[in-house]
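Here is the structure we will look at, set down as C-alpha cells.
Think of it as A, B, C and D in the order they're written, each chain with its own count starting at 1.
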C-alpha cells in the first residue's frame, strides 16, 4: 500500500477524451484498493478532469511566476483554482533551474498544494529534499519508458535515494519511477523503502488500461 | 475595421472566472461591431472558454512537439481538440528558437489552425513572414505594458514592418501591438497599414473592461 | 572554388593542442588551393589560434549581450579583440531565439565581423536571410555527423534554400552542411548553387586530417 | 583571512587586456596578504590569464557536456587543459538546471578541479551543499551589483546559509556575495561564518582597482 502517481505526459492516449476516460478508470480502481492513486495531467485537461473525478489531480508543471505579464505561462494559483492537488516539478522531460524549483516548491507550500519534485539520481534527490517538498520522485532518465524497472535494474538507486533524502529531511516522502509497469516492480519499490511510484507509459499506453492498473495494485 | 486580439497573459484578471467573464464581454462587443475580436487565453482556461463563447479563442503558446513523452508540454493537436482557433507563437514573453517557430507554424497550418507569430522589430517581422504564418504581430518589447502606443511612438516600426513582411510574403497579415489602449491608437495602427492590433493590459486590467473594449472599437 | 568552414565543435580532436595543430593544417592547405578555408573554434582556443594562423578564425557562438553583468557569457566585441573574423550563429547544436539571432547578426555587422547563421531547412533559411547576415548555412539536423552528404541525400534542400534565401535577400551567401566529407560532396554542393560548405567530423575526426582536407579541396 | 574570488563577469573592464592587468594586480596583492585571492574570467581570456599569473584562475562557467558534437560549448576537461583551477557553477546570471549542476560538480571533482556553486538563498544553499561541491557561494540576487553588502543588509541569510550547508555536508565551504566592496563588508562576512566572499563590480569597475583590492583585504 503506497502511492501510485500516473503521469499522462503528452501522450495521445493521455490527452483529451482519452485522458478523462483514464482518470475515471483510476478513480474506479482507487475505490477498490488501499493504495493512493492520483493522476498528473496536461494543463489543457486539468480543469475538466479535476471536476470529473474525486481522486487527486496534479499538474505536470507550473511555471515559476507570480500573476502578471507572462504570456503562455501558468502559475500555482491558477492550478489551485482549477482544483489541482499539486504539481509535478522538474520532471526529467521538463527540467528546471535550481532556483526555480525552490521558488515553485515554496509557492506550492504557501498555497497548501502538494509538490512532487522529480530527480535523476541519489545526489539530486538529496538536493531536492533540502528544498522541503512533500515528495521527491527519483527516476534514472535512462530507464524512463523502457519497461526495465528501476526497482529491479538499479535497486541501490532507490535505496540510497531514500536514505539520502531522509538524512537531509526526515519528513520528505520518496517515490521512485522509470520502467515500472507491474505489481512486482511496484512491490519491489516499496520493499526498497520508497513510499510509492511515479509511472506513465506502462499504464497510459497499455492496451487494457483498467487491467494494467488493477494488476499494478494487486487486484488481479 | 480590423482585428483585435486580446492577450489575457498570466494576469490575475485574465485567469479563471475572471477570464471567462472577459471572454463573454469580448463576445458581446464583437456582436455589436464589424471588427474581428478574439481572445488568447492560458492553457488552463482554454477548454472552458472555447465552450462558453462563439468568438475565436487562441492559445497563448504551444510547444514544438508531437504527441509523446513530453511531460508538462502541450501541442497543436491538443489545443485543436479543445476548440482553439489557433495560437500565438513566440510572444515577447515566451520567445522561441527559430527552428521551433518554424515547426509550430507548419504544424498549425497542417491542422488548419491559425498562427500569429509575434516579433520585436522590422527585421524579425520579415524573418517571421518568411515562415508563412497567417499573421505576424510586431511589438517593440520596450513599449509592452507601458500605455505608450507603438502606433504613435514608433509609427515607422509599424509601417516598415508591414512593408518588410509583405515584400517577403504578400499573403501574410500584419498586426501591431505594445501600448495600445484606445480607439485612437487602434485607428492609427490601421492607418499605418496594420490589419489589426494585439493588446493586453489596456483591456484586461481596465477598471471597466466592457467600456474599455467598446471604446477601443469605436462603440463609445 | 568555394568556402570551406571547418567547425571544430567540442570534439576532443578539435580542442586544445590538437585544435592548434588542425588550424595549422588548414592554413597550410589553404595556401595551396583557391578555396576559402576557415575554422570555427571554441572560446577557450580562439585567442591562441587567431594568433597562430593567418586564415580566418570564427567563434562557434557569441551571446546576445552587451558588456555588463553577464557571468559566463561572451559578446561580439570580445571575440573581435581576440582576432576573430566573425562567428557561427544558431548552430543546430546551439539554437537561439529569433530575436537573439537578429541581435547578434546586427551586432556583428556593426563591428564589421562576419555572421554565418545556421538553419535547418528551406523556410528557416529564408527567414535567416531576412535578417541580413553575410552567410546562411543550411544543415538538415538529421544528417549532421552521419557521413551521408546533404548535397546527395537531399539536393533539393540545398537548391531550394539557395533560391529561397536569394529571393529574400540577393546579397546573402548560402553554404550547406551535414554529412559532407569528400571532394565529390563538396563539388555537388557548389553545383547546386551553394557557395561553400560547413563541415566538422569528416575533417576534425579523420585519421589523417591533412589528407582529408587536401582530398576535400581536390588536392589529391 | 579568508577567500576572495573576483568575478570579472562580461564587464568591459574585466575583458581582454584589462582583464590581464586586473589578474596581475590580484596576483600582486595576493603576494602581500594572507588571504586566498583568485579570479574568475571569461572563456576567451582564460588560457592567457592562467599563463600570465600564479594565482588560481577559475572559469565563470562550464557546460554540462562530455567531448563531442556540441558546437559553442566548453567542458571541464577543456578548462583544465588551459590551466583553470576550477569553475563557478550556476551563477545567478547563468543559472542551471539541477541535474546539470550535479553533472558539472561531479565532473569537476573527477578531474580534481574546484567547484564553486552559486545559490540565491538559504534553501538552495542547502540543496547545493548536498551535491558535494568544494564551495557554495550564496548571493541574494536582489543585492548583486548594488553596493549594499549582503553581510550587513541580510546577515541572517549568510549565517543561516552557513548553518544549513554544514548541516547537510560538513565539509563544504561557504562563501557569500552581493554588494561586497570593502574590508568592513568582507570582515563582517567572515564574522558571520562565511569562509570568504565572491565579488565583482566593487573591484572590477573601481577607479583604482589595486587600491580597492588592497583596501578589501586590509592592506590600506
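To be clear about the criterion, a residue touches a chain if its C-beta (ideal position, glycine included) is under 8 Å from a C-beta of that chain, and two chains touch if they have at least 3 such contacts.
Here the structure is a predicted model, which is why all the values come from computation and not from measurement.
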Interface residue overlap between copies subunit A and subunit D, same or different (over half shared): same
Copies subunit C and subunit D - rotation angle from C-alpha fit, nearest 5 degrees: 180
Furthest chain, CA centroid comparison against subunit B: D
Geometric centre distance via CA averages, subunit B-subunit A, whole Å: 34
Between subunit A and subunit D, centroid-to-centroid distance (C-alpha), Å: 36
Between subunit B and subunit D, centroid-to-centroid distance (C-alpha), Å: 43
Set of subunit D residues in contact with two or more other chains: 92
Chain pairs in mutual contact under the definition given at the outset: A-B, A-D, B-C, C-D
Touch list for subunit A against partner subunit B, complex: 7, 9-12, 15-17, 40, 42-48, 60-61, 63, 65, 67-75, 77-79, 81-82, 88, 91-94, 144-145, 200-201
Interfacial residue positions of subunit A with respect to subunit D in the complex: 90, 92, 95-102, 106, 119-121, 123-124, 126-132, 164, 168
